[in-house]
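The structure appears below as structure tokens.
All chains are identified by letter, namely A, B, C and D, in their written order; residue positions are counted from 1 within each chain.
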Amino acid sequence: MKKVPLLSGSNLMFSYPGSRQKKKALEDIDLDIFAGEKVGILGASGSGKTTLSLILAGFEKPSSGLLLFNGNRLQGRKAYRDYRLRIQYLFQNPMGAVNRYRKIFEIVSEPLIYRKFKKEAIESIASEMLKMVGMDPLRWNDYPDQLSLGQIQRVCLARAMSTGPEILICDEPFSALDVSNRGKMEEILLFLNVKHGVTLIIISHEPKTLLHLCYKVLVLHEGKKVDLFDITKENDQLSEYTMKLLNQI
Amino acid sequence: MIKVEGLCLSVNKKKSTFRLVRDVNYSLEQGETLAIVGESGSGKSLITYALLGMLNHLEGLEGTVEAFGQKNILKASSKEIRRLRRNKIGYIPQNPRESLTPTLRIGSQLAEVVAAKTGKSRRSCRLISRNLLQPLGFSEPEKVLQMYPHQLSGGMCQRVAVAMAIASSPAAVVADEPTSSLDLLTKYEIIKVIKSAQEEQRFTLVLVTHDLDLAFKYCNKIAVVYGGRLFEMGTANELYVRPRHPYTRGLVRCFTGAGMANSGLHYIPGEPVSIYTQFTGCRYFNRCQMRLEICEVKEPPCVRTDGRRVACWLYGRDEGK
Amino acid sequence: MLAYVLKRAGFNLGVMAVVVTLTFFLMRLLPGDPFMSQRVNPEIKANLYSKYHLDQPVSRQYAEYLSALSRFDLGESLKYPGRTVNQIIAESFPVSAAVGSLALVLSVVLGVAMGVLSAVWHSRWPGRLILALTTLGLSIPNFAVGAGLIYIFALKLKMFPVAMYERPLDLMLPVLTLSAWPAAVITRLIRTEMIEVLNKDYIIAARVRGLGSASVILRHALPNALPAAIHYTGPLAAALLTGSFIVEKIFALPGLGQYYITSIGNRDYNLVAGITIFYTFILLVSTFLADILTFLMNPQCRYRNES
Amino acid sequence: MVYLRVFQNRLVLVCVALIVLYILISFGGTVFLPHHPNAQNLDQANLTPCPAHWLGTDYLGRDLFSRILSGVRISLIIAFFATLINVTVGFLVGSVSGLLGGIVDRFLTGLIDLFWCIPPFLIVVMLTVVLEPGIKNIFIALGVVFWVPTARIIRGEVFLLRNAQFIRIARMNGASYAQIIFLHVLPNCFPVLLTTAIFSVPDAVLAEAFLSIVGLGVTAPDASLGVLISDGLQSFRVYPWQWFFPILTLSMFVLCFNILGDLIHRSFRGRSKGILGND
């Protein structure tokens, strides 16, 4: 029996509304993601990798093409709304992803409030999540301005995980972080994947990070798919562009 | 050629004094390439700003920077500073697009800089600026000169900035994270452009970066900065093979650890300190795994051990007592 | 560019239509009528009404007013018989415009100069002094400035005439009065923007590249700090050119502003509507010009689609 | 946290203290005054300042000091309600327009742009004439004009916020518009709203003074500061104090608010970027 992909896109196209250029932001992207996988999307800026991630996260709808979740087509408001509740997104710039006027603990419990959880449940889940990402309980009542970028990124991760999502999409999760604690973030992400079975989609412009974390890597160049390869296997038919990228390491 | 001794910078804010840069010493010969490596908020940029005379208006600036025939840049008058900037030293900024004036055409900005640096008339500088752009990888320099910064990509803007920096064949070029806002491929292109200009003009290059890859690949000397202090300085090779300071060891392990597929992840526990915190002992104390008792109370001096400088009690114990 | 101009022109036409309609109907809503102060007998009053078509249905009056307006005819004044609104505007506008344009030039020159200086020295005493002066300027309304100037210079020191203006220099007091407030506003706008721009990477880079202070401040920084001030200058120009009621009253200038207020009191429908329309027209034109100027000054707008 | 920092500035404290003083004296002071603000005494018309009448009397022999105090009170009432209308309407229109986008936004921005292009004082003058001058109608007329720039600013802020990542995340997690407005938009717009409110008070006071001078002010026998100034201006060449003291009171009051607004605005904007700025 063939396994049904958790998330699958075929012939995805996207062009930004109102842009006069005829160039499409994305052209003909096919992608299958199975539950529990770690998928990387690699590309330079302007390659459409962020656009693709926004489409996968349901923020944008593809201009044409098919998006399947668990084998069901994503179409219409309701399907999208249900879908959005089962995924989470981690933005590149953690400072922009939190409201500066709310405390850490409030930020983490926010998605649960929207889902009308009970107060005790919210408190226990939020503190569990904050502990998981290694936040010192002394700092739970601090404001984001008082934390380092690395810490805020982990707060965002805690917020994302508080709802128990099936898919976690991370847009350049490490680029704002310092060298010395990138590793910590990577470790937490891998832990989530192994222990909670969260499917990870990681977007990056650095092949190093992706080769390190993911098994499957999609390479984008100017809105087109260049390669999709499994890094555990021998890959001798990679395109020139991919080789150029990988050789820079 | 460049000799920095006892560089300190402190700033008074809200009644307390923050020592942003502490006791930085280094020297460079003509044609060398120094990488100043550090994490965000470590004060690595400030160290190079001192070299450019950008901190001279601040009160809490101490030490001497002897370079380009100037006894002490930190005490130079603004006229002398301007002469240095025009003739001796080039600057490549961090955000290429934001470092060019948005309301002026590339050609007019470039010509103005060239005119200021060479002392020639604006008109003749138009030609010079075209010739400057040619070897930097522009296929149609004429067209670029007619454009505005927002019409160019980040990489192209950075090439223009490189052209401005090397216009007067400077003795040194300071590049402040020249690639941090660029893509992977563009990043290496820009570095190669800078390096080939260096080979041609033999200037000294000071490269501020947080990217160890660049530091190890393109530089022959590396200074590791943490919390406004120079923790370790030596040749790139030595630092890579035998890092001495615990922090350098951690960094090098982070660097070599990544890159191999699913190998053990390495990170240094704790958060990097900002220079805007106050210290008594060693700034790395909280995160250090090899700390001693003395580290908490007294800042380690910068000592020389086999050809490099290290600021750590593990090596400076004898002198400390 | 052309599309932008056309779009704006269309919008401005719409605004004009709304203003014409609003003033027309609001004036009819006013309590009282234009001839109530004259104790005339009903017959004469009826004659007057029919003379100015006020006895016709409002919709009819409106239609006639519009058709006259399309010929740039603003009608006849109800209060000053025999004089058309066009004539009144043609007489009084030059007075207001003369004082206003001098005040405009003065406030822009002063504002830009002080703004740049206070930004360049913003942490030293000259900068702080200018800032304090502008705060003061913003807090003292023009009727206070005008009355104070007259009291000191005209009444006590007798350096200027109180009402008669013969030499151009005599206009100094009203011009100063008019320009005090806008100069303070422009200074602040320029100062705020300029301080921001002076902290931008390209200014720091320009300095480190060895360019002189004059070039950095005037060539690289100032053009980037101007848009907010230009944006403000559009409506300002309209307000100054058409005259300020208060300043004209204090200095006894026979300008447009005076007519406006008295005509409201007199229920002189045609004159109120005419001046309102005239003023709105000038306002729209000057705002439009200011917008086009900002548009042209920003290369990111001009060359948006070419990169 | 941010809000407390504002009060560490001594000048802010001075301004706040002065404003509180204004309010206290104008609302409470009249009770203890020796003269009723509207009591006429033609024998004592146009007196210069003297011990019985600290600031002199006007052309009807009314005590200027008492009249100024009650004038401040009326001006304050007008300014307060005009500001209230301004802030509420401005915030609601701005945030709804910016957040909802689409057709609602088009309609509301069209409305804002239209109001923006009509000269504000024309609207105020026309409205006061049509509604007939009076305290209530003056602040209504001012409110009708003042909300426009506020709505414009708020819409601009909210439009940026709308695409802010934390709001996208909240939307993704199923937050309602009301939740977004009160949990995210309001705290983020509060600094702007507060500065707008503070600056709107002196604007309203000045606008009211303008209306009074034009002859559309508060109806007699009540007198706002504007009416006093207007009366004073009639005879300022002969009795300068009748003009000077009301204007001094008004200017001080406006100055307090302007300085306060400036300081608060600056403390929200934060310090200028780095230590390099001025070299």
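Heads up, the rule we're going with is that a contact is a pair of C-beta atoms (placed from the backbone, for glycine too) under 8 Å apart; a residue touches a chain by one contact, two chains touch by 3 or more.
Keep in mind the model is a prediction, meaning the values are calculated, not measured.
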Co-neighbours of subunit D and subunit B - touch as defined: A, C
By mean Cα position, the chain sitting nearest the middle: D
Between A-B and A-D, the pair joined by more C-beta contacts: A-B
Farthest chain (mean CA position) relative to subunit A: C
CA centroid of subunit A to CA centroid of subunit D, Å: 48
Subunit A and subunit C: spacing of chain centres that average the CA atoms, whole Å: 54
Centroid spacing, where centroids are CA-atom means, of subunit A and subunit B in whole angstrom: 33
Intercentroid distance (Cα basis), subunit D paired with subunit C, Å: 22
In subunit D, residues with contacts to at least two other chains: 276, 278-279
Touching two or more other chains - residue numbers and ranges from subunit C: 204, 207
Residue ranges of subunit A touching subunit D (in the complex, touch as defined): 57-59, 81, 84-85, 87-89, 91, 93, 96-102, 110-111, 113-115, 143, 159, 163
Subunit A contact footprint on subunit D (complex, rising order): 1, 164-166, 168-170, 172-176, 179, 183-184, 187-188, 190
Contacting residues of subunit D [partner subunit C, same complex]: 113-114, 117-119, 122, 125-126, 129-130, 132, 202, 206, 209-210, 213-215, 229, 233, 236-237, 240, 243, 247, 250-251, 254-255, 258-259, 262, 272-274, 276-279
Contact footprint of subunit D on subunit C as seen in their complex: 11-12, 14-15, 18-19, 22-23, 26-27, 29-31, 122-123, 135-136, 138-141, 143-144, 147, 150-151, 155, 162, 195, 198-199, 204, 207, 235, 238-239, 245-246, 249-250, 261, 264-265, 276, 279-280, 283-284, 287
Touching residues (chain side subunit C, partner subunit B) in the complex: 200-212, 215, 219-220, 223-224, 297-300, 303, 306-307
